[in-house]
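Going in written order, the chains are labelled A, B, C and D, and every chain counts its residues from 1.
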Amino acid sequence: MAAVSTFLFENKGNIVDIDQHVDQEDGVFFMRVEWEVEGFALRRGELKPALAPLMERFAMQWELHFSDVVPRAALFVTRDNHCFYDLLSRHESGELGMDIPLIVSNREDLRAVAERFGIPFHHFPISQTTKPSQEEAEIDLLRAHGIDLVILARYMQILSVRMTDAFPHRIINIHHSFLPAFPGARPYHSAHRRGVKLVGATSHYVTEDLDEGPIIAQGVTPVSHSDSVQDFIRKGRALEQSVLSRAVWLHLNRRTLVHANRTVVFG
Amino acid sequence: MAAVSTFLFENKGNIVDIDQHVDQEDGVFFMRVEWEVEGFALRRGELKPALAPLMERFAMQWELHFSDVVPRAALFVTRDNHCFYDLLSRHESGELGMDIPLIVSNREDLRAVAERFGIPFHHFPISQTTKPSQEEAEIDLLRAHGIDLVILARYMQILSVRMTDAFPHRIINIHHSFLPAFPGARPYHSAHRRGVKLVGATSHYVTEDLDEGPIIAQGVTPVSHSDSVQDFIRKGRALEQSVLSRAVWLHLNRRTLVHANRTVVFG
Amino acid sequence: MAAVSTFLFENKGNIVDIDQHVDQEDGVFFMRVEWEVEGFALRRGELKPALAPLMERFAMQWELHFSDVVPRAALFVTRDNHCFYDLLSRHESGELGMDIPLIVSNREDLRAVAERFGIPFHHFPISQTTKPSQEEAEIDLLRAHGIDLVILARYMQILSVRMTDAFPHRIINIHHSFLPAFPGARPYHSAHRRGVKLVGATSHYVTEDLDEGPIIAQGVTPVSHSDSVQDFIRKGRALEQSVLSRAVWLHLNRRTLVHANRTVVFG
Amino acid sequence: MAAVSTFLFENKGNIVDIDQHVDQEDGVFFMRVEWEVEGFALRRGELKPALAPLMERFAMQWELHFSDVVPRAALFVTRDNHCFYDLLSRHESGELGMDIPLIVSNREDLRAVAERFGIPFHHFPISQTTKPSQEEAEIDLLRAHGIDLVILARYMQILSVRMTDAFPHRIINIHHSFLPAFPGARPYHSAHRRGVKLVGATSHYVTEDLDEGPIIAQGVTPVSHSDSVQDFIRKGRALEQSVLSRAVWLHLNRRTLVHANRTVVFG
């Protein structure tokens, strides 16, 4: 920290935002610092070489991002439209600061929505036998378009390790329960059967193990005995939207760090 | 209650949902009962005449609605698109069970969105001098289309008494604060200046007095010193969507009753 | 419903509160009605015989309670004092409307607190071999004092079926997680390891299956990467207090009904 | 920041916790750093002189605290016992890490509780004419006992500027509403009359202007049309406890900084 802050100070870095975290247990130090390029002593191209020896000296893992480089996200959808529309609306209002070059779906249902927004819609029907080849094709497509982030906006297919390995900590999912409660399929049905008094939603990075990846954001909303499963689903919608869009915003603004299957979130 | 339930019992009404409330202070009794038409002894046309003497005997105010008669709502918007998209998405998924024959706006900004959804967009530019005539024109338009409900989805114009009188307890607004805190313009700015730790949103029926109408639903979301006004606005979006759509759903499902400038909400 | 409300109407029952619920799936009807004794046509002793034939006719399960008969609760505690104090404080302020004739503990730690409040403290040390006989002794004690409700205020012992059978749906526990997530021991540690962004608390009726009983109330509170397990525990305290006291209040005010391992809560 | 972190680095300071905030608008930088004394190169007595020139160079306002110096708090109470018991319970469990040498009240109601805990109880009855002299006596008492923090645990008297000047940003109040909504007396009654769907609680530093001081923590809890004012009060209790104890913990752990009538809270 001393080294980084001295480096910034000496180069006239006007710090806009700074966050740190000390994980006492694991002895790891986390830091996120955002400063203005204007007035900074080093030019873009000079930054990485200037920082490298510093980072090396303290054996730090590090990334450098420029906020005017717009990340490129692909949305994966199936049939439910609420998270899809919510992301498109936030995209349109400029809140998320990303490009959406393409949409992927295992069904045709939401093609019309994608077309309304003028975003190319790619249909990859998936069966047990076609899954490997279709996922390969998807990965090729994502790479061809320079995709930085995959957002599963209620995408109803389990990704294989092929896909999760191709985009480590760059695939964000929304699961419609308060994980680790009710993992897997039909969580609202399970929640209803159990008679819970709150339903939840969890946004997490997708890893090899389904619903086990690092959690980015969670939320809950109250339910009661008078709510049917349909009511759970309806009440859950607003929650899923808000939890997913928060997670996406945090990721795009480089406010998430992953360590030991947990996230550090500089909210 | 005895009279109503006996009436239903004798006519073989299969009750689906029932709610009651006793306002001890004012000595008022509220009831909402929903039963199936199938198997009911009386036909549609016979219901009203059969109920009328009963209602009269106990001096009850009452309304009778059939759930297959789809209410017609007009959306009023200005520039912010998040509540607009959220309602359209819920509309498209069938959650709200309403028709949206038209959209009204004091600006042109969201015409493209309306057109994407194939909904007629009516532009009524409003200045201090044109306001009375424009509102008259709006009322005519709403009446011509048999509009039951007006939803102000971040509509940035104050309605005059002309309009609120034309649609008593049938105009729903979303205000981006936890009323009665921060009424009026720019509530997020005021909230930021005051240093609150939660921002809120309030959906209410619009009455003559701005921001003073009966509250239908409210919500809050946490904020901190590290949030700018822009962050307040961003965090508030999900909240506004969820609070407004909840209020609209409650109204459309006839779950709100108004008494003494307060609502009884059978959620 | 018609029968009950007609009965009340004919006997001049002034209804104070009324709630109903129709479980469409299981075809069960639930009702709670509270009316004033003053002015009612029947005297206390006459009520049960007058209601019995009515209830029988519709094969209803029913209970009749008088609000001036104060329920008697036993608190079971171990070492943590926060729920204990909270209940004692609410007891002292008259909010809960119960008597607390005795306190049971498997340890001596909180004897001083009980004595401060002048409530007899019974120490039942429990080992694997003494558990059966100690539980028998506890049940005898509870029966001897006419206990209606057992409240496990962070009591760190698993009850055997002997005890749960003796007080069916009359033992309320607070579990320090959002069930069904993190059942069993040390839930805050598990939650911390999993990296959740909310911690929860659940109050439920105790049944034979640990942490599987009907849920009465649940709550959550936000946590972050910067919170240690100790912080989770600290933040969870206020939550446990509020969730447990809410559940106890609901039970004591006869606002909970149990059906199919779920509760109907007329809150 | 560079100077401070370099100072710590050079003196082998093992950082336990670190937080920073940049107020872009006002151009102010906030920092809280906590490090271990063990292994640190400087001894206690040497720290202040060593830091002073550094702080002066950057014109920083600064405070240095040792976590083993236990702060001394006085509780001010009136009649409601819930926040009082909650603080005493947390005090007893060691969570708050403070001493409570004395309790002050304008009434006798809670003397018995104070005595149960063995804490001296000082009764200062207050009328309009005696207020100035009684406040002077209170200030003398607080100073005589080296009080660092005054906690108004539902103390039902307005403090004059005499008192707030004597303890700037060292008096914490709990107000039973979501400020700035419903300031002043009987907020639950006002909230009920307005028909809100959430009730709140706000903990803030007390300043000259009643209910206008910097907010430390806020919370809300849902209410409905079926809740009476008494229900609002009951539901608000758990909220007041949790919001006040959170604020007290934050203050005692030196996690609050005040700037421009707002707090920076390093939670």
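The rule is short, and it goes like this: a residue touches a chain if its C-beta (ideal position, glycine included) is under 8 Å from a C-beta of that chain, and two chains touch if they have at least 3 such contacts.
None of these values were measured; they are calculated from a predicted model.
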Chain whose Cα centroid lies at the greatest distance from that of chain C: A
Classification of the chain C:chain D interface as same or different, half of numbers criterion: same
Whole-Å gap between the CA centroids of chain C and chain D: 34
Length of the line joining the C-alpha centres of chain B and chain C, rounded to whole Å: 37
Two or more partner chains touched - positions in chain D: 17, 24, 224, 226, 267
Footprint of chain A on chain C - complex, ascending: 21, 24, 178-182, 194-198, 200, 214-220, 224-226, 228, 261-265, 267
List of chain A residues in touch with chain B within their complex: 17, 80-82, 84-86, 88-90, 92-93, 95, 116-117, 224, 226, 234, 237-239, 241-242, 245-246, 249, 267
Residues of chain A touching chain D in the complex: 1-3, 5-6, 8-10, 15-20, 22, 24, 29, 222
